[in-house]
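So that you can tell them apart, the chains are marked A, B, C and D in the order they are listed, and the count of residues begins at 1 in each.
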Amino acid sequence: MTGPAILDIADLGARIPDGTHLAIAPDYSGCAMAVIRTLLRRRISDLRLVAVPTAGFQADMLIGAGCVTQIEAAAVSLGEYGPAGRFNAALRTGKLAMRDATCPAIHAGLQAAEKGIPFMPLRGIIGSDLVAQRPDWKLIDNPYGSQGRDPILLVPAITPEIALFHAPAADRDGNVFIGVRRELMLMAHAARRTLVSVERIVDTDFLADEARAGATIPALYVEAIAQAPRGADPVGLFGAYGANEAALGAYAQASRDDGAFAAWLAGVDADASQTVPA
Amino acid sequence: MTGPAILDIADLGARIPDGTHLAIAPDYSGCAMAVIRTLLRRRISDLRLVAVPTAGFQADMLIGAGCVTQIEAAAVSLGEYGPAGRFNAALRTGKLAMRDATCPAIHAGLQAAEKGIPFMPLRGIIGSDLVAQRPDWKLIDNPYGSQGRDPILLVPAITPEIALFHAPAADRDGNVFIGVRRELMLMAHAARRTLVSVERIVDTDFLADEARAGATIPALYVEAIAQAPRGADPVGLFGAYGANEAALGAYAQASRDDGAFAAWLAGVDADASQTVPA
Amino acid sequence: MSGAAEIHIREILIARIAAMLDGCGHVAVGASSPIPGAAALLAQARSHGAMRVSVLGSTRHNFFTDGGRELFDCAAQGRIDAFFLSGGQIDGAGNINLVGIGDPAQPKVRFPGSFGSAYLAFLVPKIILFREEHTPRTLVERVDFISAPGTSGPDIYRPGGPRALVTGRAVFAFSPERAGFTLRSVHPGQTPESVVAQTGFRFDMPDAVPHTPLPDADTLALMRGDVARAVAETYPGFAAQLWDLAA
Amino acid sequence: MSGAAEIHIREILIARIAAMLDGCGHVAVGASSPIPGAAALLAQARSHGAMRVSVLGSTRHNFFTDGGRELFDCAAQGRIDAFFLSGGQIDGAGNINLVGIGDPAQPKVRFPGSFGSAYLAFLVPKIILFREEHTPRTLVERVDFISAPGTSGPDIYRPGGPRALVTGRAVFAFSPERAGFTLRSVHPGQTPESVVAQTGFRFDMPDAVPHTPLPDADTLALMRGDVARAVAETYPGFAAQLWDLAA
């Protein structure tokens, strides 16, 4: 049967229009950094990002380049590399709408989309000031409460227009191997469209082997794939290669200063070679 | 760290007390038939079964032996072998409380237990006579409806006391490989206790390999394991061995007649060898 | 039992159902549904790669990797275009009964149960009702128990529902607006009158009711070749009986 | 920077937190938490196999296989006994602020965000608050933003919550009934008075406040051996700095 389109990464990125409600993977999972660079060069605009459930380098870069109008996340930071400088600067100057969330609320919202239900209840959270910031989160009395009031929070479905991530491999039919990074499968189920860059496309069938199939997103959920060796550089890819610490440290420095970030972005613009897979 | 207890199948079965709210796998997934036979010989009593989401041979055998007072299932049948004779007979004589469900409602109820939430909303189902049979299913107006009424069904969490199933293998730490049979993982997450029989226990670490780990239930969720080669006979085990069609056909015949079933059950009682793994 | 030249009634059903699936991107087939399964595999073979088919219980034609819930989630996401439902009883309002006859707590006749019908009948756009036995016993005026209703009120979220009913005697279209069936064609050997006599519910009858078209030679060749072999993987008994073909 | 004989303050913190975890069956540690992570691995090493530890971001000490949601589901199932939370601000009612200072829409100071705190603080029985910096800037009378409240009303489902606060100066116990802290011990070099002076919130002060106990020789040897090597897998920079040990 017809599988996902196989594109180069520039064409994969070109499928993401301005204004997209875009779900991105966390730094520790599968970040499609090579595709993100094509979006930066394009100066894609008005993205509404959903971090699954936290954001780091990808989001900070896009925010710094003026590509993002809104982000929903449980946290935005560069982890051990410190604060997300462009994110913080955009917030301080009121240029970015932040939808603060908490990790399980984002997972639950995506699961609601996965199940085609309008909302999901969730324990905890009540009494957090997050609730006041989120008019889309609603409190109801638990219809199954046994006695007295039992308030419980509802979070609405999060249905991204596009999920974008990077994975170790796709097979000839467009099935995508993700290992234990099951949040990538949740993203693919929840989003209307899914675009994936992979280290390599291999001539086999991941669904034929029971072990590998259990860790694979079927092609049904995948619109297009691009081969991008080391496509998660510099944040690194689970089970494949680690972070480029020098590059991440340099970016973290640049993110804290307008001029330094502009120079960093000019470097991305100039490095057209990054649009072509090796 | 301390892993699941490693028991023989009789001792594994002995961990299931009378009156247990017991979740069992469907015929096409991982049926712990050898353990079920130990329960039959014991004449375990007052089981409340949850079929995930449909039941077949296991349930019919237990019902026929008088071990079951209630079953929740989206369907009970012997599939291509025809009606579940003991189930049908027990219903006709009013000896069994049937909680009719629909497949996604059982999955959603287990997912609610997995998420520690009291209920899960679900589309569809409204207008089915199932709703009238299930006072624990509630209709509310969707709090996220945009205009007018938008009734939506809520199903309560299903939290089995014990989940029982059979899987291809466990590793030395008690991690259980399930391949694509993800409903087994859902059962283990949702139930308070999980007991598993496996074809073999191998001296490796399933979590060390990213592909296999993605198809593995971590030992955290597993209380005890028994090695039971061909433990899913006669229904068969995915990826390992097929159904014993002669045995299933003979059982299906026996299930439709009181005397024939009594003779079949006497055969199980007599075959004490089945409690000892080969 | 079929000679190469003679067309079996089941082959007519398979070809007719396959034609109803044209244009679908993803067709799912439940367990124990050999005729719909064969129809879906035939439609897929004719789609030149444009159609996905998921056959529950199949290894080769089932690509789900997220457990038993995935079929239902997938339907709710709008990723399944067509599905098949049957019923111990089917009535003229498109209601199906998979539970039983008499008091559900102590039924006179018990069917297996509702499976996913109460859900999928709402969420899959093209539900094809299929029941080979076409008698007043199976096609009734009013089902004893509604596993899945044929239609719902305007305030109920329902992107899907029954669109047709295919039996061993005839093909009906279903109108959700009128909550009723219209006879579309009768199979060889049947007449509109014989269908009326064997149907427990009332339905609309056009002035002219054609015979159900027979599969052409190309379709038959495809069905008896690649499709038969694919069917045999999941339904070996069925394939052996219809096409003298084991898995 | 640590000689073998000299005990680093961080080693005191690690040993003290590890002692708080005794008896837990499953301790989870969030990302970027080297001192709690080291404490959990030390407690595990002393448990002789009775304790599981999940360190997010670790490959070897993370057995979750169901994606990012599993930690949170696992907590809601009651399968996590202890977890650590920190805060840009922590106040005397046990509230923590991980969002920022000033108007959240245009903050003067922005912290990373609430992560899972708003959830885990309710569901994990033993939440240990940890913040190495102990100043009036971090330990405040009232947080600017409540990421997770220290306590909840009686009608709120809350099997868990803060039980203690460990800082670079002292150890406090937290009482959910009184919604307040009690000073339990001060670290070497601190006095109850120096702790009062550096704490922005009021807390209960017993008549006698002991010094935080130092790890004994066996604990130190374990910490600097097997535990240090395990810590280095996930926090190489931290392990290198504290124990001259790379991954």
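Rule of thumb we're sticking to: a contact is a pair of C-beta atoms (placed from the backbone, for glycine too) under 8 Å apart; a residue touches a chain by one contact, two chains touch by 3 or more.
All values reported here derive from a predicted model rather than from experimental measurement.
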If a chain touches chain A and chain C alike, it appears here: B
More contacts between chains, A-D or B-D: A-D
Geometric centre distance via CA averages, chain D-chain C, whole Å: 59
Chain A and chain B, separation of their C-alpha mean positions in angstrom: 36
Mean-CA-position distance for chain D and chain B (Å): 40
Whole-Å separation of chain centres (CA-atom averages), chain A against chain D: 29
Multi-partner residues of chain C (at least 2 other chains): 64-66, 72-73, 76, 123
For chain A, residues contacting two or more additional chains: 108, 111, 115-117, 122-123, 150, 152, 180, 182, 185, 213-215
Pairwise touch network: line, ring, star, complete, or other: other
Interchain pairs in contact, sorted by label: A-B, A-C, A-D, B-C, B-D
Chain B partner contacts - residues on chain C that touch it in the complex: 31-32, 57, 64-70, 72-73, 76, 98-100, 104-108, 110, 112-123, 145-149, 152, 155-158, 237
Chain A residues touching chain B - in the complex, by the definition given at the top: 108, 111, 115-123, 138, 140, 142-145, 150, 152, 154, 156, 168, 177-180, 182, 210-215, 238-239
In the complex, chain A residues that touch chain C: 1-2, 113-117, 175, 185, 189, 207, 213-221
Complex contacts: residues of chain C adjacent to chain A: 26, 44, 47, 49-53, 63-66, 72-79, 123
Touch list for chain B against partner chain C, complex: 26, 28-29, 52-54, 73-77, 79-80, 83-84, 87-88, 91-94, 97-98, 100-105, 107-108, 111, 122-130, 133, 148-152, 180-186
